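Encoded as structure tokens, the structure appears first; notes follow it.
The chains carry the letters A, B, C, D, E and F, assigned in the order they are written, with residues numbered from 1 in each.
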Amino acid sequence: MVFLTRRATFSASHFYWNPAWPAEKNEQVFGRCSNRNGHGHNYTLEVTVAGEPDPVTGFVVDLKWLKAAIEREVLNDFDHRHLNLEVPEFAISDSGATIPTTENIAIAVWKRLEPAVKAAGGARLSCVRVYETPEIFAEFRGQP
Amino acid sequence: MVFLTRRATFSASHFYWNPAWPAEKNEQVFGRCSNRNGHGHNYTLEVTVAGEPDPVTGFVVDLKWLKAAIEREVLNDFDHRHLNLEVPEFAISDSGATIPTTENIAIAVWKRLEPAVKAAGGARLSCVRVYETPEIFAEFRGQP
Amino acid sequence: MVFLTRRATFSASHFYWNPAWPAEKNEQVFGRCSNRNGHGHNYTLEVTVAGEPDPVTGFVVDLKWLKAAIEREVLNDFDHRHLNLEVPEFAISDSGATIPTTENIAIAVWKRLEPAVKAAGGARLSCVRVYETPEIFAEFRGQP
Amino acid sequence: MVFLTRRATFSASHFYWNPAWPAEKNEQVFGRCSNRNGHGHNYTLEVTVAGEPDPVTGFVVDLKWLKAAIEREVLNDFDHRHLNLEVPEFAISDSGATIPTTENIAIAVWKRLEPAVKAAGGARLSCVRVYETPEIFAEFRGQP
Amino acid sequence: MVFLTRRATFSASHFYWNPAWPAEKNEQVFGRCSNRNGHGHNYTLEVTVAGEPDPVTGFVVDLKWLKAAIEREVLNDFDHRHLNLEVPEFAISDSGATIPTTENIAIAVWKRLEPAVKAAGGARLSCVRVYETPEIFAEFRGQP
Amino acid sequence: MVFLTRRATFSASHFYWNPAWPAEKNEQVFGRCSNRNGHGHNYTLEVTVAGEPDPVTGFVVDLKWLKAAIEREVLNDFDHRHLNLEVPEFAISDSGATIPTTENIAIAVWKRLEPAVKAAGGARLSCVRVYETPEIFAEFRGQP
């Protein structure tokens, strides 16, 4: 078993806001991140798949395919976008919202990529790591 | 003469939009950056001052002072903000706007820091470098 | 389960010296690190906690809290300090000393942070990684 | 148990080519990597060993020994070499070839280092990570 | 005047060999780089242009144009290529060869890009920096 | 003219202390750096030489020579050392001391390397950059 990782980047805006809370509580819990004009990051994504290298090609997966899958399933919707306003996973409704924290972005990326990797066959998605900054990152490895 | 540099970072949103142009022209010139929901970056700032090291302290400037000056003059207004909507240099008016490109951010940071460095005496501002991403950066070294 | 990591840095001095050995043996085993005047590093710390993101905040832990805990439990005692002379875990006594290798620093940081993370509830400490240089790092993940 | 990692780098050439396929299929599967003049990379290697720190030295392994083992077992044969033409694991024969993909390089490095770490005693080889570029890396952790 | 830089990368093979010298002298002067099977690097290119930001767009140059120019003039010929065997500037003839050192690559990249930047108008090429590894880089700033 | 740079690293301890001042003033001016037990850094050095590439070798200088010169003139005395206690430029005497700030280290490295580069002929020392941390660096380019 070899673990193969492809890194990708996207630039996006977000803010942290719980519509069920008054402004004061949002500011208290989320600090400067609660600014509803949004702020942004250069996110770095590390997508890891696990499998046996194909004995002929030496590939766990074709990295050209993996790069294209990341672009199609994630970057096209996330890059140069406002995560709260334009990415459905983080849409704000009357009943609440999934806050686009690094943790929740990692889960969202996993859910977008996992079916594509499974459909391709041969390898499984092993880990999605998302860096919000070089100092903060989150990993999701699927449900046990 | 020694050139001393302090790095700092801030996270902000922006978009590229000329209010004098129709949407089509904005999209053609600015591409994905014209999305008015905004997108964002982890900006890195490198502020360079030049001067003779003080013979007693060995300092060109006190780096604690320089860090505080960058926070007061720049980061407090730029970090976790939307550059077009919250930073006056990039405000959009009927007559147009200064687009928050990396080039214009470098000039704006210079104009904010240069009076503070001059007032402190002893060293002069030599260069402001702004990274929008690790792949793109702009430098302003003042007017000749 | 999501694994959330916060990076922090500190600058410290140390040397490698076993008081039960003669100087020659210290030099033979520890090489240039046995210089008792000390040398130093910019250490980078990666602290990983594991847990379910809170359904309302999207946080595994509040990163502001985690940053403050790392400062309070570790950085205040380690940063700009001499590890052998000022940090109790590495004090030299007649009976010996715990050498401040990267391995032992990782264990010491874990032991300082683990009770604070446990007391906060909701997430568990998963991993402490310490970089002595970009080329050398050690990880401790607790006792199995 | 502590996991201790030493990073090393080497610069090498390679190409991807299956001698059992016609040129068209090699180009289709391997793209620009199929250029038989070769191209090259600055590879980064991260070698992780796992064990208990020695109570006297604080070492999981002596990093001077580990560095020398990596040089002797891997770098002397891989650095400034053409992997397909000069490294036996990737030699091309009539019956085929093990393609020097990042995946296969990770396995080859593991097989070279594992006996040396085992012979030294005290720690076991835990992981070999190979970066082909900062964007692509593979890990091998031995057979389960 | 603002200095705007775009970074790009390419992976290539090369070797150092002067056809006018016997093998012994090539090995003595060029060391491991004289291996004629070639070795390779992930080169990083930093292309800096200088000019006044356009008052409407805020651009010194359009970075999409600059990226395309670097790809067209440099990367298409250099990436995944063997510099000595496939790039005309470094071709080996009976009368000698321009060795693809980092210094000479910087000059070659400048000569390829300078006419394109000049033809585009508005900004001038200011600097080409080439990293052979993170530890070695060369800059060419044109003839004075 | 090409500017060629070689990077090197060393790990050292230092503190900031003016023997002509009382302890309170040292603490006030130098903050945590005034701790006389010392603290340390992984310093990164970038040494830039300028000259015409040799038409035969393509070298501004032989990088193997430059690396050896940096080791001989600087690293042998600075690496794994306490700058105040072991490097003569920063020795503390009754009449005062040159504080080992990043600025003064850059000047000291220049003064050590400049005669060696001049004696070698063909290229001149152009710049010495010293990083104390990734966030702080100083450059010395000689006297005008």
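Throughout what follows, contacts are C-beta pairs under 8 Å (C-beta built on N, C-alpha and C of every residue); 3 or more make two chains touch, one makes a residue touch a chain.
What you see is a predicted model; the values in this text were computed from it and never measured.
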Quiz prompt | Chain whose mean Cα position lies farthest from chain C | solution = E
Quiz item: What is the chain whose Cα centroid lies farthest from the Cα centroid of chain D?
Solution: B
Practice problem: Have a look at where chain B meets chain F and say same if over half of the interface residue numbers show up on both copies, different if under half do. | Solution: different
Self-check item: Chain pair repeating A-C, as identified from D-E, B-E or C-F when over half of the contact pairs by residue number coincide
Solution: B-E
Quiz item: Just curious, how far off is chain B from chain A if you go by their C-alpha centres, in Å?
Solution: 29
Exercise. Would you mind pulling out the distance in Å between where the CA atoms of chain A average out and where those of chain F do?
Key: 43
Quiz item: Where the centres are mean C-alpha positions, what is the separation of chain B from chain C, in Å?
Solution: 35
Self-check item: For chain D, residues contacting two or more additional chains
Solution: 134
Quiz prompt | Interchain contacts, given as pairs of chains that touch | solution = A-B, A-C, A-D, B-E, B-F, C-D, C-F, D-E, E-F
Quiz item: What does chain B use to touch chain F in their complex?
Solution: 1-8, 53, 56-60, 62-64
Self-check item: chain B contact footprint on chain A (complex, rising order)
Solution: 9, 11-14, 32-33, 35, 37-42, 79-82, 85-86, 133-134
Self-check item: chain D contact footprint on chain C (complex, rising order)
Solution: 16, 18, 20, 29-31, 96, 98-104, 106-107, 134-141, 143-144
